[in-house]
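Same chain, two partners: chain A is paired with chain B first, then with chain C.
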Partner chain A sequence: MEFPHIFWGVFGWMIFWAVTGSIATRYFYLRRDLDTSNAPFVGAMLGASTGPIGLVPLCLNTPELTTRLMVMPALASVGVLMIAFGFADPENFCVANGSFVASQIVNGLIIGIIYGFMALGLTLIFSILGVVSFAHGEFYMIGGMITYFLTKVWLPGINPILAISLACLAAFAIGAAFERMFLTPMYEGKVDRPVEYGILVTFGLAFTIQYFVQATAGANPLKASRYFDFPRIRLPSSADPWLIKTSRGNMELFETISISNPRFTAAVMCIIVFGALMFFLHRTWTGKALRAVSQDREAAAIAGINPDRMNMLAFALGGMIAALAGAMLVQAFSWLPQVGAIPAMRSFVILVLGGLGSIPGAFVGGVIVGLFEAAGTGCLPDPQKAASYIPAYGMIILTLTLLLRPTGLFGRRFATGAHGKF
Partner chain B sequence: MTRSRIPQAAGLFLVLFFAIFPFVYSANDYPYIMHTLIACFYYAILASSWSMLSGYAGQFSFGHMGFTGVGAYTAALFSHYFYLSPVPTGFCTEFLIGDQYLVIVDAIGVTSSTLTQDCLRKALAVWDGSVQITPMPVWLGIALGTIMGGVFGLLIGLLVLPLRAAYLALFTLGFSEILRATISAEIAITRGQAGIELPYLFDSGITLFGRHFDKTDKLPPYFVMLFLLLTCLAIMFWLTKSKFGLFVRALREDQDAAAALGVNTTRYKILVFVITSMMAAAAGAVMAHYIRIITPNNLMILQMSLVVAMAVIGGVENVIAAAIGAILINFALELLRNSFEIGPFTLDMTIWRLVVFGVLLMVTLRFFRNGLIAPLIDHFTRGHVAAETVAQRKVAADQAGGAS
Partner chain C sequence: MKRFGLLAATAILALAAYSGAAEAQSCPIKIGGLTPLSAPGAVGAGEGMRAAMLIAEKDINAAGGILGCDLKVIIADTEGLPEKASAMMEKLITQDGVVAVGGAYHSSVGVASKDVANNRKIPVVFAETWNDTITGDKQKFIFRIAPLSSWASSTLWQAALLVPNIKKVAILTENTDYGIPAAQETSKGLASGGVEAVTFSVDIGTQDYAGIVERMKAEKPDYIIVLATGEAGYNFAQQAADAGMGPQDIPFQAGQVALESKAYWENVPDGNFAFVQRIGTPANLWSEKALALNEAYKAVTNRGVIESYSMEAYDSIAILAQAINEAGTTDGDAIVAALEGISHEGTLGRIYFPYGTKKDPSVDGKGDEWWHQWPDVALTMIQYQEEGQSSVDAPIVWPDAYKTGEPIYVNQ
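== the complex of A and B ==
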């Protein structure tokens, strides 16, 4: 049988049992008066992977839903989907060509780390202010814009690290100023619905920044030159470099996986700054204060922390993280005033997937989204269609997460404050 | 006339003004002004229905443009793929309905018209003008689009039942983006970014009161859009004044408390989604027939942000204020499409107007929480209430002061 029938047959079967499972499990758990918060997720995943064979015992026994019971069916259903795909289309690059798969995975991982890093900024803002910043993509965009203008136009020959730091500082300043001017009424109870107010006002900021940059910098695509060159490495020997081979702009591992310089440096930079940020959040007084505010505002205030100042710091820091991601990626992609929309959407996806204000969740979620997108773009039989669907992949994850497990991967179930409600 | 009648009189005047305007105005830029006004009405429908959904019912949705897309694409696909023919074509899928054949044209996507032709064009080439095929009526497409909008609204309303605030916004944004990606990817059916062409709103022209209007005339679509706007506003105004409005407001203020007091929150949440998305879909379908092309870019977040900003600047908790705000702002944005010279500087307002717009949005949110138009209406209609409250408080304070 040809590709579409067998694959869509399996896919339809999985969807059917997933929907049945999520509804039935919830019903049975509710009837026994048990905790239903994870029931739809487990039911859907077990239904998708095993069909009625797994669902019937689950509904009859209603066991306690442990982490293991949640992870195994999810992995199994991904596995079933992959096997169905492999049988349906054995000629596909994703099935037949091992090196293609390896390079897709590595590239997905690298881009996923960058996404995760960017989402980290949004998570920080969300966990402390309870606001989804719709201006996150615009901070990313101005980070790249300022770095481009510093290195190419205003001060050519400037050290790229310095240029990136200046761009981050500028984003920090904009974030802090905006928070002071527009977000303060939220905390004093002057606004009826603070979450909606936060979304709208950051939306206005996004609009303003985007058109301001378009008016001043124009709408032509810009691209910075490479910040660093790879050193020339040939291992194990220069005659037969099968292990690693670098040129100035590219690195090749095992003669199959090729990684471009800008993405690699961006990912390395993200990991370094992530480490620094972890140190800041866990080892310094200010960082601990930030985390304290994200857990309980009132208790933190009693302990002598000024929550308003932490709000400002969190918003500015979140914007700075996005700007740093932008500053690193302006050497990889062409830059336009509208460039922020796509990474912003991805950050929303990762924010929801990773869980409410969870920092490890942001990173794991980023990697998952990166891999999912690499699989989606690499494996769909029609490349043009696959490329057009790119914006949808992340959004499918987002809607599924919200439907099945609104707390995300590592979400706290009983968080306080405005962001604790769904 | 009492003070509280002023907004009603102003509203009546505004409606009369828009009804008479196209007959009175006759300057050179007549088609341009008419086109701008039609766009104004279109945005007014979207902004007011969005404010009903988000401001009045508190369901903060970013998927409103998705619903207009559903309406517009349903109408477009319907007029693009369905025809009536008295003779079977022999190439297409076709069904006999009455004495006519319903022809379903096969989807060929974007191809060079000289190489591949769809089955209907093949049949037409064989017949060589001997058979007259009829396209489907436009109003049926618009009605279908509206119903499809309602169906999608029902679906989304059901799915978002457990979600609130930021999660609802992200989910609806996800819906809109998935829809846009699907439309741009399924080129075979929707022609992707190339867009689908639609017939004119009145393809053979229309004769009204003894005067014939050509199909390119702006006057019939102007009145269709105005009529749609007034109908939507009337429905929403009636809903807000009825028990429905009361329940929906209770839903916004505190969902749990409303449920505890016996409001069927599920029903009203879904109903408000269905009603507003049907309005958005109807507006999208009519606008698509007027513009005569629909592309997936209509669903972009930029369009959504325009609608949101218009509703917020007008007044997000008052549907009529939102509509007036949308008309004013869309008109102002059109007027600003030129450049000013201040001394040595030339300010190209075509770009800067949107910056001004963004700043206006932020400032309105920060300092005028009810928008710019809604307080004006309230000032007249409820001004006496405020005065009475102040007077009562003063009396109460005086009494308290005298007693102590």
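== the complex of A and C ==
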């Protein structure tokens, strides 16, 4: 960094006013007996971005804290930080190289969509059953493993879509069977501490699946072949394809942004399935029943919905979503029985960031984590540290979220595991 | 009364000596084998090392065992984590009752566990841990048959300096006791040749390299060196290839894991023309013993060819067995004395330790890291020049003493 004092000076100023704003705003809203749930967040963001200029009117007028009032200062804070960084390190690729910035944003978006999708399954399980499934990473792993074996070992030449569907069905069946066999004691009053029981039993499932796969499939890294080749596209013309140029395994946009085929297909599939899932949850009777159970089990039962059946469906669906993410990524990453550990950790972070039990929150949280990781990897001046800190970026966001908005981005104020906003 | 006391003391001493001898030679004689069998360790490599150590156990028992007893290799999973390595070393010694320890893949495992073994006077022959400090602390019970990190790095940068018109090198390293010093030594060596190096360090479990690859691409390097163990090496190489920075795009030295050619080609289908550093005698110069091990290993593991680290794991057990036989006891001090004077015909070549308690490395002007260090490890650079090629068939392109083919520098 060429002028570190600029960056650290601005950063220190922002931190000071963020802390002041967070405390002061809560104090003023509390004094007027107003809702303070979003006050620390808005105060911190407004303080960080505008200092006393924005903070004083906020504290004096105590307006209603709308979504706009939360989002705008947050974006402004990011903007101020970026401008300070630009002045402090003008030679940085993130400042001086536009195509690099575009590539990093696209990379962050793509991986963020996949993260978000993976976290969706965990969110679904949490909102219905009220437990965090520690076997989520293992469902992701078996999705990839089954797809690999179907496409390369058992039935080479099988249509990849069919293989992926079979892997998802297998994960669904495992999830449903496990829920029936091991999770029913939780809501039948057979165990004293149902939440702890849920955590421990899913831990047990994780180890069982992981070591079963290691014993049967071995520990050598596996990888499926690319499912689909990109068609050959050259736009606007073959001679000068500045807009888009594809080869079988890669797509280049504007001669700067390069997207590999496996990541692109995985992200597109995730978006399609996310859309389908939202349709299922909002437009079908079963989906509405799931949402009803997530909001109030007893009321849903009175209305004729069988909550136990919804529990099974949620756990199986959650596992299937993770398996689908794995099935799509086994063509991008080397696959091992332990491959699910890191995505599962990220999913836990995203679950809290998005708001416990919120499906849109999980998706948006995933994208935010993906973008934050891309920014950190690309912009941190010391390349040796930039990549090393990848696991920490998500934790930074998680810490900030817990400090400023403990309910997460889309979580409700009094949401609990079983009653989060759907 | 005095005579009775003397007799009683003699009887007690004799009993103690007898029981000690009986304990030392109780069968089977156990040797520990450290290897990573769970994430985030290099599980594939760990499984290979385990297979090799168990083959060593079988071979040694078929040849008569140790001191008239069968050998039993107790495998311990280090997970590639220092804290787990210390715990496993402690467990092997105190619970399993091993008399010596071989194996180990990650440097961090060697760095963390060596003190435990040394304090408990249990000899260790580390198989694949490169960090200089492992032997650099000059501990009595610690030996190594893997190359030193500084020495292995010198082959990396010397080979890199031969790339035509090279000005800048990008190094991807894992942030471990192996990766960080290896990257530093390599950067220093490249700087001595007037070549700039940019290092990117990552956690060993990293899967997604898209952001790092883009940043590396923006640096416009002329050569890429990967110092990441395990499947991280595969993930990076293929993701770099997807982004137009792979072995077919610019000269690219893949991680050592690429020696497992079957897994390499499955995980890095666009990995042709990658350079790979190989430890140990080149395959065309393998002894009968190495060839026999290769066949046994392939049958057990279903892999294409034995990797260097698995040969090292085999030799680490075999050399300890020979040392115990030569010492005639399982006493740690006696085993160390035998190891210091050993000449073992291993699969990697003739293994011996010229420096130790009898001769300090400084006598020959060498640094402390040469203490209990095998000095003749052959270090070569091979290059895959055909898709699907076995690492045994791939030509050795460096150094000249072992050369079997000319390097192909892509994009020149």
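The working rule: the second predicted complex is superposed on the first by the 404 of 422 C-alpha atoms of A that agree within 3 Å, B and C clash if a C-alpha of one lies under 4 Å from a C-alpha of the other, contacts with A are read in each partner's own complex, and residues count from 1 in each chain.
Rule of thumb we're sticking to: contacts are C-beta pairs under 8 Å (C-beta built on N, C-alpha and C of every residue); 3 or more make two chains touch, one makes a residue touch a chain.
All figures in this text were calculated on a predicted structure; none of them were measured in a lab.
Following the overlay on chain A, a clash is recorded for the pair chain B and chain C. In the superposition on chain A, contact of A:K223 is made with chain C only, not with chain B. In the superposed model, A:P185 lies in contact with chain B only, and not with chain C.
When the shared chain is aligned, chain C comes close enough to touch A:N250, but chain B does not. In the superposition on chain A, A:S103 makes contact with chain C only, while chain B stays out of contact range.
Of the two partner chains placed by the overlay, only chain C lies in contact with A:S334; chain B stays clear of it. Residue contacts after overlaying the shared chain place A:E373 against chain C, while chain B stays out of touching range. Legend: residue contacts after superposition of the two complexes on their common chain; A:P391 is shown touching both chain B and chain C.
When the two complexes are overlaid on their common chain A, residue A:T208 makes contact with chain B while staying clear of chain C. In the superposition on chain A, contact is made by A:V195 with chain B only, not with chain C. The single stretch of chain C with clashing C-alpha atoms against chain B, selected from 2-10, 38-46, 56-64 or 92-100, is 92-100. Comparing which residues of chain A touch chain B with which touch chain C, the overlap comprises 214, 341, 384-385, 388, 390-391. Here chain B touches chain A in the complex through residues 54, 58, 60, 159, 162-167, 169-171, 173-175, 177-178, 180-182, 184-187, 192, 301, 305, 308-309, 312, 348, 351-352, 354-355, 357-359, 361-362, 365-366, 369, going by the rule given at the top.
Interface of chain C with chain A (complex): residues 37-40, 43-44, 46-47, 175, 198-203, 205-208, 210-212, 214-215, 218-219, 231, 234-235, 238-239, 242-244, 260, 263, 266-267, 269-270, 303.
Considering their complex, residues 126, 131-132, 181-182, 185, 191-193, 195-197, 199-201, 203-212, 214-215, 341, 345, 348-349, 352, 384-385, 388-392, 395-396, 398-399, 402-403, 406, 418-419, 421-422 of chain A touch chain B. Taken in their complex, chain A has these residues touching chain C: 93, 97, 100, 103-104, 107-108, 110-111, 214, 218-223, 225, 249-250, 258, 260-263, 332-334, 336-339, 341-342, 373-374, 377-378, 383-388, 390-391.
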